[in-house]
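All remarks here apply to the structure that follows.
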Amino acid sequence: MTRALVLTVIGAGDAPEDACAMARDVGREIASRGAVLINGGRGGVMRAAAEGARSAGGHTIGILPSYDRASANEFVEFVIATGMGEARNAIIVASSDAVIAMAGEGGTLAEIGFAKKFGRPIVALKSWPEIEGLDRATTPREAVDLAMKLAACSRG
Amino acid sequence: MTRALVLTVIGAGDAPEDACAMARDVGREIASRGAVLINGGRGGVMRAAAEGARSAGGHTIGILPSYDRASANEFVEFVIATGMGEARNAIIVASSDAVIAMAGEGGTLAEIGFAKKFGRPIVALKSWPEIEGLDRATTPREAVDLAMKLAACSRG
Amino acid sequence: MTRALVLTVIGAGDAPEDACAMARDVGREIASRGAVLINGGRGGVMRAAAEGARSAGGHTIGILPSYDRASANEFVEFVIATGMGEARNAIIVASSDAVIAMAGEGGTLAEIGFAKKFGRPIVALKSWPEIEGLDRATTPREAVDLAMKLAACSRG
Amino acid sequence: MTRALVLTVIGAGDAPEDACAMARDVGREIASRGAVLINGGRGGVMRAAAEGARSAGGHTIGILPSYDRASANEFVEFVIATGMGEARNAIIVASSDAVIAMAGEGGTLAEIGFAKKFGRPIVALKSWPEIEGLDRATTPREAVDLAMKLAACSRG
């Protein structure tokens, strides 16, 4: 069995509507290419990306910080209740083939740090200009195209 | 969206063939009832249960101890690379609605301990007579029937 | 630098007073032999063992399940806030040279499971008759003597 | 018991000698003020900071990524073997009252992200100009003075 590529979209858990709209588009693009979406399973960018992916028939996995499976948003198909708090960010990144980073705060920065550590390709979507060494995109479609290409290379 | 029930089958990573045959049957029964199989994603009972579940068209999730996604067995559909070692047993149990326990050693005992801690129903399949307070079954079908019933109750 | 031996005492977080008295004695015996006490840092057996160890001038480390350092009992000298929930039991055991097990429930059982998995010597103090392969003791002094001896062997 | 303040020094695991010399000075300053040093317990900046702290009679705690306690550097007094890989960075930060950040790569960036997430004061010592919202220092003494002051405020 060849496994589908797995992408994560990271960003603020309390994002404004325009960011959520962009995240929904990213999720839809991911699913429409047959890739799986994995992320933190909560609100904001996480919820919107999962909504987009489900709307296009894709699989979604939510890696929760708590043991409370009911805290997953409704668009998470498979709930992983880590109970390990913010350290679950390392699991999200390690389980992905590539990372699409939107604007966010400390948690998002930690995920970018882990992606660098683990050697995962990172595509910054209109965000994180201050961090060196990221690939850049300005639209959801461009971000997912690039992330898919880099993910395929990286998996070999 | 109502999520499918999630069951885990725990047991030895280097189980003999008769144990693996039983695990395959358990996996098949789980999938045939529409439930998702989650477990540790490695060999022995984990591999056999996933093989059975996939053969019946079910979804399988493997929660690996390492960051090495290539260490997942071929029947794991969704690979979660925790990198958190044996502590990943807590995640497996916390992400399940019920546990089916086969014979095993320290890792399996730790999972039974977590299931008690988290209040997850545990069905011992021809194993663990020395541990009090477990439900008991003698065939894969009986174990899965009982686990599904208890899981549905427990989720409410 | 040769590091001091590290022992853990595991048992119920809501233990009755006679169990706590026994745990205090165990903690005192550990410290009086120059060993470090590590455990879960909360109440019951954990608190009592730490109290005993501090009363004899020993070092105590508490590995908390949450990020809330204020939840450590007052006898924890060094607080490690794991935020990783019950999975922190694996860290406690992995960081110890030997385990002294008193009566307990699911969490304690998980720790015994991890100790078997990690090959750490386990001394059951008037408890866990149903688990095979543990060493046995009937008094705190006997338990600590045996645990220290096994720990020293095991570290080599 | 009032617990001593706990500081962490983060930076590259394979730092050049001038960075290590600076980390040693930071460790010494931390210990000379009675604070405890906690960090990742491996090489480079981690080892040098621990060496400095021990040389001034301070306590040092090493939070290892693996289960291999022998991988701790010789200046770690208390070894915590998490076995949880890079996710252990969250534990280091959560267990600290303040963070002193030196130059580093992905792992260090993840720790800065967690410190922001957890609301821990961060003092950047001649490093990370691209990250907003950090306090700044140019010498080890200045960094430790500032970190101690912010840590005391933060703990209340």
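Just so it is clear, A, B, C and D label the chains in written order, and each chain counts residues from 1 on its own.
Methods note: contacts are C-beta pairs under 8 Å (C-beta built on N, C-alpha and C of every residue); 3 or more make two chains touch, one makes a residue touch a chain.
Quick caveat: nothing in here was measured; it's all calculated off a predicted structure.
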item: Same or different residue numbers at the chain A/chain C copy interface, by half rule; value: same
item: Between B-D and A-D, the pair with more C-beta contacts; value: A-D
item: Greatest separation from chain A - chain, by CA centre; value: C
item: Chain centre separation in whole Å, for chain D relative to chain A (CA means); value: 29
item: Whole-Å separation of chain centres (CA-atom averages), chain B against chain D; value: 40
item: Residues of chain A engaged with two or more neighbouring chains; value: 67, 82-87, 90-91, 94, 118
item: Overall pattern in which the protein chains touch one another (line/ring/star/complete/other); value: complete
item: Of all residues in chain D, those that touch chain B in their complex; value: 67, 82-87
item: Contact set on chain B toward chain C in their complex; value: 84-91, 94, 105-118, 130-132
item: Complex interface listing, chain B residues touching chain A; value: 1, 3, 6, 36, 54, 59, 61, 63, 67, 69, 74-75, 77-84, 87, 90-91, 94-95, 118
